[in-house]
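Below, each structure is written out as structure tokens.
The following pair of complexes shares a single chain, subunit A, combined with subunit B in the former and subunit C in the latter.
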Partner chain A sequence: MGGIDLSRIFTLSLFATTFRMATPVLFATLGGIFSSQAGIFNVGLEALLNIGAFFAVVGSVNTGSPVGGLLYAVVACVIACLFFSVVHLELKANAIIVGLAMNIFASGMTNYLLVTMLDSTGFYQSDLIIGFKTVEIPFIKDIPVLGDLLSGHFPLVYIAFFSVWLVYLILYKTPFGFHLRSVGENQDAAESVGINPKKMRYLSMILCGVFCGFGGSFLSLSYLTLFSEGMTAGRGWLALAAINFGEAKPVRSLIACLVFGFADALALRLQQFGLPSQVVLMLPYVSTLVVLLGSAIADERKRKALNAKHRSAETALT
Partner chain B sequence: MAEAISVNNITKTFPGVLANDRVSMEIEKGEIRAIVGENGAGKTTLMKILYGLYRPDSGDIRVKGEIVKLSSARDAISKGIGMVHQHFMLVPSFTLAQNIVLGVEPHKRVFIDEKALIEKVQRISDQYNLDVNVNKLTLNASVGEQQRAEILKALYRGADILILDEPTAVLTDIETKELFSMLRGLAKQGKTILFISHKLREVLEISDNTTVMRQGKVVGTVRTCETDDCELAEMMVGRETIGGRIRETPENREKDVVLNIENLSVLNSRDLLAVKNINLELHSGEILGIAGVDGNGQEEFVEALMGLRPALTGKISIDGQEVQEFSTRGIRESGVAYIPSDRYRSGVAVDAAIWENLITSEYYNKPYTNGMSLMMREINNLSDSLVKKFQVSTPGINVKAGNLSGGNIQRVIAGRELGLDKAKIVIASQPTRGIDISGTEAIRQMLVDYADRGAGVLLLSADLDEIIALSDRIIVFYNGKIYNAGFWYEGIRQVVGQLMTGGEGGCNAEDNAQTC
Partner chain C sequence: MQKTTRKPVNSFFKKIFVEAGTQVANYAIIFLISILIGALVIFLSGKDPIAAYKALWIGAFGNGLKFADTLDRSTVMILAGVAGALAFRTNVTNLGLEGQLYMGAFAAAWVGFSIHGLPSYVHIPLCLIAGCLGGAIWTLPVIYLKLRWNITELVTTLMMNYIGIRFTEYLIAFPFKDPTATLAGSPVLDASARLPKLMQGSTLNIGFIIAIAVAIFVYWFLFKSKTGYEMRMVGLNKDFAAASGIPVNRSYILAMTMSGAIVGLGGAIMITGFFGRFLGSFSSGYGWDGMMIALLAQNHPLGVLPASLFYGALANGALAMQSATGVPQTAVVMVKGSIMFFVTVTVFVPYIRRRLEKWVA
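Right after this comes the complex of A and B.
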């Protein structure tokens, strides 16, 4: 251990990798924020990333363009979300059960389609998959530190971080966002002023599908250009943790995504230093636990403060 | 003066209940009209019809002289009718201004125009003299401020007829005074106000005219300055007893105290004092009627007796044994039978079979268990006999309780609570609410039989006729305190009615706040 030079671990490229690793989780998080603000706890994010990643590959092969792949992924995810919405909103099935079922269904379905559509098992890699190219930002790329950090990423990385601001605007600065949040917080209040809760929930799920489509295509058309079984590796679940930590607010949830991304990046880096990979690969998941524990402790403190307030009200009465 | 809104011969029935029976009234522009009546008198049904939430079976509604069909809240809003619900329809994490404009936000292209939003809300708040801090988060606002926001929400949407459903129920005295002066200001500016209440003192203070409803009908409308709380109380509770008295008070009244309550105080769910330091004795062989308009502390009182809600202070003794620290099971085993007011929520498990419901208080005792498993033969025998004895109309004991009618569910509860003849105290809360005549008679007879066999019976009912018909002694809950109406006599009804609506001292004709 003494032989490891910390300055060789914490390099600029470690932070650049952090952005890359955070991107798919961030997309799924932003999608989940919409449904969660509208009052649907969507545990199917993992399934959506999986579906998105698969159809991005199919789309890329079919159209010969990564944008075509992205489009396929978005459409597939929106369809999956509409299916979720119909089962939950029309047939009144419990959202958590529907989400869990969707997770199981998605991994089975992509494995099956991998065989029937792409004629492979477990894994598909080919020159026919056209991925996105990295983008060099003029001027910024020549600035010493900033250039290494910010330039040379895949386009979807920029879109993801830009979307945090976009989602914030939609939710907090537009009538649409107001209506969506009112439905999630007090459905009766929304209904009493003529807002249709069901419609808002459908729309929130469609937006969730769009963002998950972006997240899925990042997984299979950017750093890696392939689809493999289980390539989402729990990122949908990490997104749920990020939403939970961030109370479904875009900027706070971004912080959690960055923590996860950093842990991922650190794990990749430490592997190069010969630490046992079993230990190193635990990092992202340990960091999730730490983040959730942190937010749970914060919640508990809030609850206790509230209770203390109530108790003092009681004693004031007696 | 011009007519603002009128209803003509409105009738509305729900399964088994005639909620509104040929209701007619006319309200003028700029008038403050109070609508009073006991719970279940049909006030809320009428208001919901006016706000488009219920469709009347027959009759019509006219707004500013024009017949309208109101099939949704949106229709009502477009006709200028606004409603301030008892439970506020506000989104907690929004500011008050955002709540006021929700659904009709001023916007520039796709974005909310926050400057215009604040300005518009501020302007309307100034115009009607309804003071709210527009940028305050709703969850940090006081109840009074939230209510003002609700009123502004209606005014912002162009309402000129405002319906307020028990607006003072959630307010402190000072907030009530503020509300009244705001309402007077609104009426002066030409707004019409319908004020639903069962607090007569407030009605006398605020309204121009008062309409009294009873059992779905309009009893009458009076000019508020020409009436007093005695007259209104009499109109509300009626004069004659319907159904007559079915209880013969036993000769020998001096019996043992089975339940003794000393200095009992109880908090409600909002941590406010609901029961205020009361003392009460219940004797064996006695039916003690507890009257009172809903929400005066009687529910919390019963829940405290049953160990469902902690007692803040005070002692509860059953046969001399203090039980206030006991669990609900401990209290039940001390000999208390309980028929709760909400039979679907706390009376039975609706998804469980009849036999399961019948055995819920005995399943852990011999002979219904051997310690390991249920003894189904014993349980089935017991269930069959209880179903027979209490005349539950059902194809069998395996039917889900939720599939029975209200009356039959109540018979199942009575079977469980009274069937084993163990109870020394019976607490029956609204035992016959919504039940058909034969079921009502059967349950009343059971309570009388129990008292005759020496149990003490506490009877809570919103139906004053029932209390008068059954009780040996009557107390009234008003504002968390109890007032003693005394032992039953011909004509006790008037006293009870006055205590229910005014508490201490009853009504007082000299008390009228307005003069003509």
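Right after this comes the complex of A and C.
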């Protein structure tokens, strides 16, 4: 690493890339937060991103517009989530197994449909795919540093970060969010005050599908306008780690997403400097472990400090 | 009223009949739904599902050679399935089988291509042991993060998958690059490290026998040994096991490392038996297959054997299906996924049982 000038790595565009790379993980995370809060640990996020990315491409080709692609992706993901819900809630299958099954099914399905619908193997790239265009924000784009950071992103990037606030509002400031959380917290108590747990779980899964549809279509219709096998590259799993880290709270999970986005952006940048791609591509996954370890260490410190405080308070009293 | 004298025997057999019948019918329903989903998908893409399934069957069991290849395909699945069953039965969510498989495979390949001049009966065991170690070592970070910092293995094993796959890709792209190869792969293994074949014209090798031996050993270990009993108790109820003095942490460490070692051995057998060198992304999801097989076998090491044979047949027949009927072999992945969707569905069971009881009575 001796020959690499750090100031050339840590540029403004690196941080702008961070927002871009965090976006798909963030969408999946927000979707997963809804189902987690309602008591379904959805490990099928990777599958949903995959399905979303594929159908976004199909939709874009069919309708000739990225918005059409987004709609296709959302509908496909919602259908997949409803299928998940029926198998889990009606047929009483284990949610984690159903989630893992969905990952396997989705990878088979997208590959199969790639051959039979789009007539290509491995990946599909075409001029027929119309992607989103970047958006310049009128005033902010002229401000030196902020302009580079915040302006010129794809619309879905703005929607993703705006959604964090929206999800927070829905979950914590509306009766609907309160009901949803109560189902996850204590199903019997929720039921006793007239909330239908099954209905809330279905709704949470539908919302999960909507967000994953957005995330998937960002993958295939924004920076890249193509679909390739395995293009989700574990982002659904990263989202799962973010939910785990953030205890299914939107703002806390956002922090984890930004760390993963940064690791991804750094990986891209380091690749341009000639570091072996295999090594730098490990970064997001290694950073997940580091983030989880860091938060565990911080939690323990906090607990120890609290204990020490209690103890000194006790000795002061006696 | 003469029947009353025979009643105890009768009801005992009835009970067994109902129990076994329920299991069989439950699996039959799951398979039927999954195969129908596969057929529907094939039909919707304009192909003939019956012809496709027929080609799949012939590709998997058509003649002795094809059957031998199916057995060879199922070898790694048996080991991955046993690894999954061992972990899941002892309450260890090891979703990192794929990464451990890669690490084991690379370790075996490394011993195979870097040590020369050994006789086969030394070189092969060394390779296989290296495979076990490679797989087991890859679980150590997970164990540390779980036992010291209480970080769930559900997330960490998944991350270790990606790290392991990338790491082995790096190893064959840089330090151990084979300059003569066109594919990304390690140098070719010495002949002394290759597993002997069992049958002329097929890739079936002694790895298959090793796999069955491992499955029987794990069955003995889990169900007949004291440590295994303790580990199953931890799997049933961790708090209760801890309260009755069973070393819960030791059980976790053993289950995780053994699971990693077994699937690592599977990787080692693939390399020394089938490929003869380490290839980048050589596994088409065998670790994930192992997980599904373990579930299908209800986490029983011996139940893994028929389940693996089924998955091996699907894998072997899929290629034949693709070349004969033009149905992409990924159709099979959807069938596998569908089976997993429904394998933990429990609503059929009481229904079938009621019907069977009524029918018997």
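Assume the second predicted complex is superposed on the first by the 294 of 318 C-alpha atoms of A that agree within 3 Å, B and C clash if a C-alpha of one lies under 4 Å from a C-alpha of the other, contacts with A are read in each partner's own complex, and residues count from 1 in each chain.
By our rule, a contact is a pair of C-beta atoms (placed from the backbone, for glycine too) under 8 Å apart; a residue touches a chain by one contact, two chains touch by 3 or more.
These figures come from a predicted structure and were not determined experimentally.
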- Message: In the overlaid three-chain picture, which partner chain does A:W237 touch, first (subunit B) or second (subunit C), both, or neither?
- Response: second
- Item | Touched subunit A residues, subunit B compared with subunit C | C
- Which partner does A:M282 reach: the first (subunit B), the second (subunit C), both, or neither? second
- Query: Does the superposition put A:V193 against subunit B (first), subunit C (second), both, or neither?
  - Reply: first
- Using the superposition on chain A described above, determine whether A:S7 touches subunit B (first), subunit C (second), both, or neither. neither
- Query: Touch check for A:L292: first (subunit B), second (subunit C), both, or neither?
  - Reply: second
- Check the residue A:G108 against both partner chains and state whether it touches subunit B (first), subunit C (second), both, or neither. second
- Regarding the shared-chain residue A:L100, is it in contact with subunit B (first), subunit C (second), both, or neither? second
- Within the complex, which stretch of subunit A touches subunit B? 169, 173-176, 178-179, 181-182, 185-186, 188-195, 310, 313-314, 317-318
- Of subunit B, residues touching subunit A in the complex: 73-74, 77, 85, 88-94, 98-99, 102-105, 107, 110-112, 153, 157, 265, 267, 271-273, 312-313
- Where on subunit C does subunit A make contact in their complex? 41, 45-46, 95, 141, 145, 149-152, 154-156, 158-160, 162-163, 166-167, 169-170, 173-174, 285, 288, 291-292, 295, 328, 330-334, 336-347
- Query: If you look only at subunit A, which of its residues touch subunit C in the complex?
  - Reply: 43, 87, 90-94, 96-98, 100-109, 111-112, 115-117, 234, 237, 240-241, 244, 276, 278-279, 281-282, 285-286, 288-289, 292-293, 296-297, 300
